[in-house]
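Below: one structure, written as structure tokens.
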Amino acid sequence: MANCATLGDKLMSPEEAVRRFIKDGDMIALGGFTVNRNPMVIGREIIRQGKKDLHLVMHSHGQAMDLLVGAGCVARLELAYGGTGRFAPTGIRFRKAVQSGQVKVEDYSNFHMSLRFLAGSLNLPYIPCRSGFASDVLQQWGFGPELRGTGKIPRDKAIIGQNPFAQEDDPVVLLPALNPDVALVHAQYVGDDGTVRIKGLTFLDVEQAKSADRVIVTCEEIVPAHTLREDPDQNTLPPFLIDAVVPTPYGAHPTACHYFYDYDPRHLNYYRAVAGDDDGFRRYLDEWVYALDSQEAYLTKVGAADLINIRANTKVGYAPGLDRR
Amino acid sequence: MANCATLGDKLMSPEEAVRRFIKDGDMIALGGFTVNRNPMVIGREIIRQGKKDLHLVMHSHGQAMDLLVGAGCVARLELAYGGTGRFAPTGIRFRKAVQSGQVKVEDYSNFHMSLRFLAGSLNLPYIPCRSGFASDVLQQWGFGPELRGTGKIPRDKAIIGQNPFAQEDDPVVLLPALNPDVALVHAQYVGDDGTVRIKGLTFLDVEQAKSADRVIVTCEEIVPAHTLREDPDQNTLPPFLIDAVVPTPYGAHPTACHYFYDYDPRHLNYYRAVAGDDDGFRRYLDEWVYALDSQEAYLTKVGAADLINIRANTKVGYAPGLDRR
Amino acid sequence: MSTTYTDKEIMALAAGRLVSNGDILFAGTGLSMLAATVAKRVHAPQAVVFFETGGIDPTLEELPLAVADPRVMTGTCMNSGLIDAFSLLIHRRLRTIAFLGAAQIDPYGNINSTCLGDYQKPRVRFPGCGGACDAMSQAFGVIIFMQQEKKRFVEKVDYISSPGWLTGGDARAKAGFKRGGPFAVVTNQGVMRFHEQTKRMYLHEYYPGVSPQAIADNCGFALDVGRAREAQAPSEVELKILREEVDPCRLILGPLPA
Amino acid sequence: MSTTYTDKEIMALAAGRLVSNGDILFAGTGLSMLAATVAKRVHAPQAVVFFETGGIDPTLEELPLAVADPRVMTGTCMNSGLIDAFSLLIHRRLRTIAFLGAAQIDPYGNINSTCLGDYQKPRVRFPGCGGACDAMSQAFGVIIFMQQEKKRFVEKVDYISSPGWLTGGDARAKAGFKRGGPFAVVTNQGVMRFHEQTKRMYLHEYYPGVSPQAIADNCGFALDVGRAREAQAPSEVELKILREEVDPCRLILGPLPA
């Protein structure tokens, strides 16, 4: 085991990370993408601590989003896509919450959201692009005037402007930067100096972390810093942007974590089967969130057979031959 | 040796790459930074082919820039910094050419140039930032009205605008995107499928390559693609953005190439000693550029002693203990 | 002897035939994965498949079930992230072709993957536009998969998630788009295209055994079927590759034909 | 016994003393490398050095001679590129301190590293602003190294490469800057700071053996020396670390004191 002591007071439990760094009403950027590297441990802890009125910002999510929405922690979302691919083409609790008016949604495209986080990470107030002219994505505003211009929500969802360098008419879409209160990242490795390494696709985790006021990183392993610093080209975030480091083996389960484990089709299918029904979902929360006070308890419930089943082949990064029906 | 045949007609000599992809008047983005990974082989070949009226765009350069300017190939530059650090705090021929009016310079900052290439790489027409308000970098325009608005040079160097999302006065600097005709990149590795891997800092090479109409990559080694695809997190550019792959061992000499060789202090000091004098510089060009028709001839002239001297330690990436005075 | 095939099989093959060798394919999952993969194996070996998540040219020894499936990160020429992926999708040098699906489509190829009913109080919420809005805005071209149903081919979509030819004619260019737009709609009955000038959808091909009128009847707006011709039936080679190499477990293809 | 030291040595140490533990240091080469490194070794072990080229927190077992020296890429916590490096420099959460040098400086800390004479036809051309303009615009704070010479401390610089306090008072905020600006100028004779309200430069410290008047005499504009006090001489520990650990080959320090 690496020398975690040098992480100092950044090393903490999920309970402490959520208690110290997330408060009701916060704008939270979820790392990962649909069925991959979702910050599930922090998501479940947020539910256990009963956080309310959260404002989720993301591109395409995902299991953590659906769970947080279903548990009633979320009041507002800005996103491009809510689902988990074939396991739930539309997020099950997300759909219900939108249809019932339980949450307010502001739709953007994935490129829009990517650029908004990029702008936030570069301290740019806004960013122009050419996606979505004349679409309802830009013309319909999900957040009403009572929300617009309050807190971190800009007065305008987007503005159609002009390219000031063009000689002729050249419209552009102007998008406001995003600077969430908290970014949640699940990584494979954190060095005992706080250096973060994500393997496989980084999605938008880097831009999300850089754009946020606070960053919580859960990880599969804490490793000696020198092992990461021997090939620093591969590292993802520097220590001084990270507020909390939370070691959580299988921390993204039931979503995947490249080179560690695949997504868990059995769990995702089970979730789909029960989550559509309000009672079924309540039982799911009771069994899989409230009744379990630690990742150890959670993994015990998942069971060794499942964990071995989804274990990633160390060369290809996923679980070849996994029954994914 | 890898199976270069699969690179097809992308694999070529420096002579062919320059002849086919660079023409008089082109806007060329130089990869690398001051004393690191300068595209020296292509630079010398451009001089040998007598290309004229080039327009160089870059952030901080560098040995290739100084040589091209000195050889009279360059009419215009947009840059933030022209020099090689301690070896030439101001580029020697660059200084002379600016002072004599031989070249026109448009100054920007490094972040300005970085954002301009980023915007070009993302197909954004312009990008806002908050660098350089009230500075002469924005207020003094090096390119006169006879150049502005022609070819790829936007009518305005920069525009002071307003953040349209702000409720109050919030000025922003608007910078035009850059989309050069050609980007020159020197990489450590190219796979025999055309995949590019740069080790060490990538500087702005990725954004420059993505923003350009054509991309020429010189490399230390052509390697079997599967060796790069076994860890694709480390790769830098996909094959389909590359027009020419030019294998050139020591292709960045006398600048450095991480894990392969250090910069060559003897050569850089020699350059400084002779380049300040017009006759001395002419002799340098004769001896080191015009008289040598291949990289093999060039390296023979550099000599085995020098090449061994600057050889990088394979663990730290540079040449420890190298006499750099 | 006539070969039997399922709707999904002929859809994947019909879309795959629209791919040119060297195209850069922006794939989702489901049918688009099959179309892209079968095209690569049949006639466009140099086509490159990439995903909005950042995986470029994966080996795809197993089919991914989501664009963030770890299977899109293996054997790629590059793993990056969304910013990089979209920089390729919209790259002006590249002939990028995107495969999309939707809940509704209108005569000008505008699609809805966001909601039915009023956006503020939707009767049915779908996942949202994802990267489809960006592909329709800035890819070189787009191929759309649809079920041929009246409720999906509608005069006016409830919400334009991803802009096609807007109101037709030069509306798209006037709105600010520099290139792109949908060029084909592949359904379980045939393939539609868009009129060169008016940009209104028309029937281009009907599958063997399907009548143009049946397609018009399954379309919620007036569909010109006058230019339609019969599509080539899937060849045995195409079906063999699709079934044995592309989706041997039939994760996406579903049951074999009866 | 008084210790002897060179100008460069006391400049590196005086600047190093201005670093707080935990600062994120944007270093150039030359003196700024020495200042940052010696600060880390003497009193600010948790300060992090990074370079605009993208190297973050390198081990620096050898001194880099340029910000693109391969020595800035070794043992780092991350190697990236310019976009990443500048995103850190200007990051609103970070206390980033940049070390800069220049050819000219004015009473409000505006600096020139671009040219002498007219920009269109310069008498002397310098390299240009590089990342200094960005550091002066958006870093948390800036420390400037200068030679104490009349021709360098001028009433008006020939070209503002990197904006300091502009015309003083609240001019900087009015121009659009949200934070930052120079807070110290370290010369071979002393350390200047800027008046809290007017933002005009004044002498804060003079090195042992240097008179405030001598500094005023080497300044091309009226310099308030009334608040000046004598700086602490370099300690033996500081000099030992600087000479034996930071630059043992004296690549930047140059010759030892006579």
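As written, the chain order gives the labels A, B, C and D, with residue 1 at the start of each chain.
Rule of thumb we're sticking to: a residue touches a chain if its C-beta (ideal position, glycine included) is under 8 Å from a C-beta of that chain, and two chains touch if they have at least 3 such contacts.
The structure displayed is predicted, hence computed values, not measured ones.
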{"item": "Approximate Å spacing (C-alpha centroids) for the pair chain A, chain D", "value": "40"}
{"item": "For chain A paired with chain B, centre-to-centre distance based on mean C-alpha positions, whole Å", "value": "38"}
{"item": "Distance between the centres, which are taken as Cα means, of chain D and chain B, whole angstrom", "value": "28"}
{"item": "Multi-chain contact sites of chain A, meaning residues that touch two or more partners", "value": "115, 122-123, 130, 170, 172, 200, 233"}
{"item": "For chain D, residues contacting two or more additional chains", "value": "73, 75, 79, 83, 86, 90, 138"}
{"item": "Overall pattern in which the protein chains touch one another (line/ring/star/complete/other)", "value": "other"}
{"item": "Chain-chain contacts as defined at top", "value": "A-B, A-C, A-D, B-C, B-D"}
{"item": "Of all residues in chain A, those that touch chain C in their complex", "value": "32-36, 59-60, 79-87, 89-91, 94-95, 98-99, 101, 107, 109-112, 114-115, 118, 130-137, 140, 142, 170-173, 200-207, 256, 258, 262-263, 312, 316-318, 320, 324-325"}
{"item": "Of chain B, residues touching chain C in the complex", "value": "121-123, 191, 193, 195, 210, 213, 225, 228-229, 232-233, 235-241"}
{"item": "Residue numbers on chain B that touch chain A, as the complex places them", "value": "115, 122-130, 149, 154-156, 159, 161, 163-167, 170, 172, 174, 176, 199-200, 233-234"}
{"item": "Chain C to chain B touching residues, read off their complex", "value": "24, 48, 56-57, 59, 73, 75-79, 83, 86-88, 90-94, 138"}
{"item": "Chain D to chain B touching residues, read off their complex", "value": "29-30, 52-55, 61-62, 65-75, 79-83, 86, 89-90, 114-115, 119-134, 137-138, 159-163, 166, 171, 175-178, 249, 251-252"}
